[in-house]
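Labels for the chains are A, B, C and D, by order of writing; each one numbers its residues from 1.
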Amino acid sequence: MLELIVYGVVFGSIISLGAIGLTLVFGIIRFANFAHGDLMTAGAYVALFLVTGLLGWLGVPDTNFGPLSFGWRMLIAFPVSMAAVGGLAIAMDRILFSKLRAKKSSAVILAMSSLGAAFIVRMIILILWGADSLFYRPGMLRHAVELPLGIKIRPDQILILAIVVLLVGTLHFFLQKTKMGKAMRATADNMELALVSGINTEKIITLTWLIGGALGAAGGILYGIDVQLHPYMGWNFLIPLFAATILGTIGNVYGALWGGLIIGVAQQVSTAFLLPTYKPAVAFMLMIVILLIKPKGLFGGSSD
Amino acid sequence: MYFSVDRTEDFEVRGERPSVEVMDMNKLEKGNNQNSIMLKVDKVAKSFGGLKAVDECCLEVRQGTITGLIGPNGAGKTTLFNIITGHYKPDKGEIYFEGEPIHGLAPHQIFSKKIYRTFQITREFAQMTVLENLMLVPGGQIGEKIWNTWLRPFAVKAQEKEIRDKALEVLEFVELIHLKDEYAGSLSGGQKKLLELARSMMADPKIVLLDEPGAGINPTLMRKLMDNIQTLCHEKGITFLLIEHDMDLVMNLCEPIIVMSEGKKLAEGCADEIKSDPRVLEAYLGGQYR
Amino acid sequence: MEELARISAYLVSLAIMAGIYSVFCLGLNIQWGYTGLFNIGIAGFFCIGAYTSALITTPKPTGVYARYVHQLFGLDMPFIVGLIGAAIVCGIVAYLIGIPTLRLREDYLAIATLGIAETIRLIFNNEQWLANGPRGLMGLPQPLSWLVDPKHYNYVYLAIVLTVVLIIYLLIERAIRSPWGRVLRAIREDEISAAMSGKDIFKFKMQALVLGSMIMGIGGALYAHYTRAISPSVFTPLYGTFIIWVMLMAGGSGNNKGAILGAFVVWGIWIGTKFMTDMLPYTLKARAPYIRFLFIGILLEIILIYRPQGLLGEEKRVSKLVE
Amino acid sequence: MIILEAKNVTAGYTPELNILNKVNLKVKSGQIVSIIGPNGAGKSTLLKTIFGILKPREGTITFKGDDITGLNPDRIARKGISYVPQVNNVFPSLTVEENLEMGAFIRNDDFTPQMEEVYELFPVLREKRGQKAGQLSGGQRQMVAMGRALMLNPELLLLDEPSAGLAPLMVEMIFEKIVDINNTGVSIIIVEQNAREALKMADHGYVLAMGKNVLDDSGKALLANEEVGRLYLGG
């Protein structure tokens, strides 16, 4: 059981990365972005392209770092693909959402457009890579190390946790200590007043997409390292992402972090009683329960 | 002054307000007892995040009056409307309509008591025609039950006809009949105000709460609106409670006038009393009388 | 002559599918077009409708069969009972989803319907005892099959589908043009104002959600008896939800004729793209469906940005029983 | 010297309805100008139009001789105008200090002296600097809102009903602060329902009704004017 909880934390931390991006977009642009899961998929596949393609072609060696399942190529691919997916998210906003915003379309129309964008991204991935499951490092044996209390964990998973902590810590620093981060929170609070204060809110929106997309990509790659890559992985993440976002109160970044961990642990622990394939359903049921008893989430009353 | 009307004979009766609080339901049903209390707000309070919007407010509206509710911005007038109509739940306090408690009821239940409200910023159904906007309002339409639309088409049709005729009549009254098949969203600001009033008439209300009916409309439409309100009050016996900032409108149309300030009732009286009440002057004009 | 027969058989099968999708579009139009409810779990109702009807109309397997085919029950009842059962079960599921979500912001319903659709697919995939797991159910009966040669049966089924579409269309038109539909549209325009006009918002939204989902259930049942074999892998978000949204948006939400037109047009385009991808080099053929869906996705975005009212758009005055 | 001039400004939110109809306004450097008039007269709309939140359909607005008609709010803020909206004028989930920092968003220099000045002006804000603005009382919020606007060290401050919804004691205090701010050399346009008080401190006053100029005169003259009383309490 303890082991399940630890795996749950690893899995949950990946969900958190996605949920934070989702909740940022929710908080500032105020619509449910159904393309967020597929941005995660895109991140994983861009990294795959770099690791198995471009970087090899450029002659970057790919020996593993000690007990980890990856090496230099992944180390380079990780930030590059975060940036690329951030760019993809911005492009989506420019091509689709900003046009709809300018027409004062409702939040639901934006959500529908994001659903379309999700399918477009996924279809492109399917066209390029096909529908099979893929690995960054196929056929590699994955050894586990034993921690105290008899918990077996793979070195990769420890690193995943470390990366998530690093990313969330950086985001925390950015939001709390930097001028742009504060401006982002201000815009989420009150967009009109932000505009009046001279904050260029369109720029903030762009920044939001960049961060959301990059964090999503990170989550996708980490999942790819931990488990596997699949064109539907992001879509399957969508329900846990929304569950975590709602659990942690929509628009609340720290809520999304905790929400992700709770959902992740709940999903893993459920495998003790249920088939593992039911994991998304567990997240879904948890979300419904929250909606019934505390529709504003566990982290209190947001402004609306 | 845009408008003036001599209504002293109406007001004399009400000059000496009866102190009886007990409702006489028999008299009410006849609908012509102008002295009975129709709406009673009793120590109602509502805060938003530490700000007391309405603070233990008590006030009464009498049957057959056009009661004005005035006060500086932020005095809690609109919030009080929202509480009366069930859009907000009061933190505490009670509201009675014709002697029955109505606090805590849902908006549609309050509507069914024949209380209707309009909004400061008009809320028409933009993508529906003016006629449809009106035909929506009447309660208890048999065609609102989906079974009836299939199983009792003739009854539904007959009632639709009735409602349509009534809607046309009302549109005739507010002089919007030429716009009946236009989208409500395409009307001008003033026409939307008239549409709101027309919709309230469709509800067969006992009382209508009007939130700034005069805001942002031109003098001609304003006069029409005032005429309409007076006609409805005198001929149909509809009671009005209205929030308004246009003093010309309030002073000429309303009796009594209730002044709210800081979420409470500050004063009540006829136009002259209000105009010379130092507390009111202070609330409006600032502290020179302090 | 033979060529002609082949083409006409092809067109018939195309029309049957377009007709079935029309049913879904009509159901979605009640929810989205008239009430503004954002249901992105159509695939879930599609799936439930298909399986319910399958379980109602097939006999429970006996003998050797029972070892290979598991199903919760098999009532061996007529087709029409299957349709009604599908509608009822879908209605109940919709009701249960509506309770926690319809009082909240509109996106919650979307998220919840998405969740229920995925959950339903998982259940049918994993629970062998319920409906034979991933292998699904086969050999579903077809109504009136004794009438004609099996070769020409599709003509009969097309007539059945079109009859169902017509009945549903007439029933919805009647309801939408009545005070009931007027309330739905008022809720879509301004929920608070509709509440202040004395309408019980929750009740009407629930009715729209349930009725729309029941119609989707009928669509699912019609599909099941057309293909005669169903498995969970059919009811994906792509075929079960997404394409239906594109159809409704293309045809014109808030217009029932538009909903049907959209189903036929988009299904036509969908089949048309198949001819185009058939011309692709062999290596790309396996991925042809993805290219086609990519195209459909782009189509949706173009509609949303450039022609959100769709081909037909809403009529100006909808409620007109009298005149 | 005239710091701001609005000429024949016509504006509205919806195409069919003009809220402002050829409104004129002049502010001299160092003045407090009060705009009074009944609700719906277009007072707040005028401020929004000056600050570029609403684009005028006709007319021109000049600030220190530059044409600023139709510029975006951030451009106008850079020119030295700050605006305090009537409602929702703080960032509720940001701390008091962060609210002030946001006021200085477009400044790239060191704004700590300015923040010191704001804290001098509103000492209570220094005490509450770490608290979220959403948890403050109405008066304190108004101070945060004004403090935020002052962080730009503006030459002209636009205040939209700073006394709305405040307790009388608070109102008095806020008005005193407005005079204090003015004494540091900031020109102020104030829209008020609290007409008497607003005119008392005004160098010049404008009366609007139905989106048009009705009267304008020195604050004292308007105070003495019977017409003004009539507009407020009817005939």
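Here is the rule we go by: a contact is a pair of C-beta atoms (placed from the backbone, for glycine too) under 8 Å apart; a residue touches a chain by one contact, two chains touch by 3 or more.
None of these values were measured; they are calculated from a predicted model.
K.L.:
For the interfaces B-D and A-D, which has the higher count of C-beta pairs in contact?
P.N.:
B-D
K.L.:
What's the chain with its C-alpha centre farthest out from subunit C?
P.N.:
D
K.L.:
So what's the Cα centroid distance for subunit A and subunit C, whole Å?
P.N.:
Here the centre of subunit C sits 32 Å away from the centre of subunit A.
K.L.:
What whole-Å value do you get for the distance between subunit C and subunit D if each is reduced to the mean of its CA atoms?
P.N.:
Between these chains, centre-to-centre, one finds 56 Å.
K.L.:
On a C-alpha centroid basis, what's the spacing between subunit A and subunit D, in Å?
P.N.:
43
K.L.:
Two or more other chains touching the same residue: where does that happen in subunit D?
P.N.:
Counting only residues that touch two or more other chains, subunit D contributes 92.
K.L.:
Judged by the touch rule stated earlier, which pairs of chains are there in contact?
P.N.:
Those chain pairs satisfying the definition are A-C, A-D, B-C, B-D.
K.L.:
Give every residue of subunit C touching subunit A within the complex, in rising order.
P.N.:
Within the complex, subunit C contacts subunit A at residues 36, 38, 40, 99-101, 103-108, 110-112, 114-116, 118-119, 122-123, 125-126, 237-238, 242, 245, 249, 286-287, 290-291, 293-294, 296-298, 300-301, 304-305, 308.
K.L.:
Write out the stretch or stretches of subunit A touching subunit D in their complex.
P.N.:
179, 182-183, 185-186, 188-190, 192-200, 303
K.L.:
Contact residues on subunit B for subunit C in the complex?
P.N.:
Touch list, subunit B to subunit C: 85, 87, 106-108, 111-112, 116-117, 119, 123-129, 131-132, 135-137, 139, 141-146, 148-150, 153, 156-157, 160-161, 163-164, 181, 183, 199, 203.
K.L.:
Would you tell me which residues of subunit B are touching subunit D in their complex?
P.N.:
Within the complex, subunit B touches subunit D at residues 1, 49-51, 72-75, 188-190, 212, 214-216, 218-219, 245-248, 250-252, 262, 271, 274-275, 281-282, 284-288, 290.
K.L.:
Give every residue of subunit A touching subunit C within the complex, in rising order.
P.N.:
Residues in contact with subunit C: 31-32, 34, 96, 99-100, 103, 105, 107-109, 111-113, 115-117, 119-120, 123-124, 126-127, 130, 235-236, 238-239, 242-243, 246, 275, 277-278, 280-281, 283-284, 287-288, 291-292, 295, 304.
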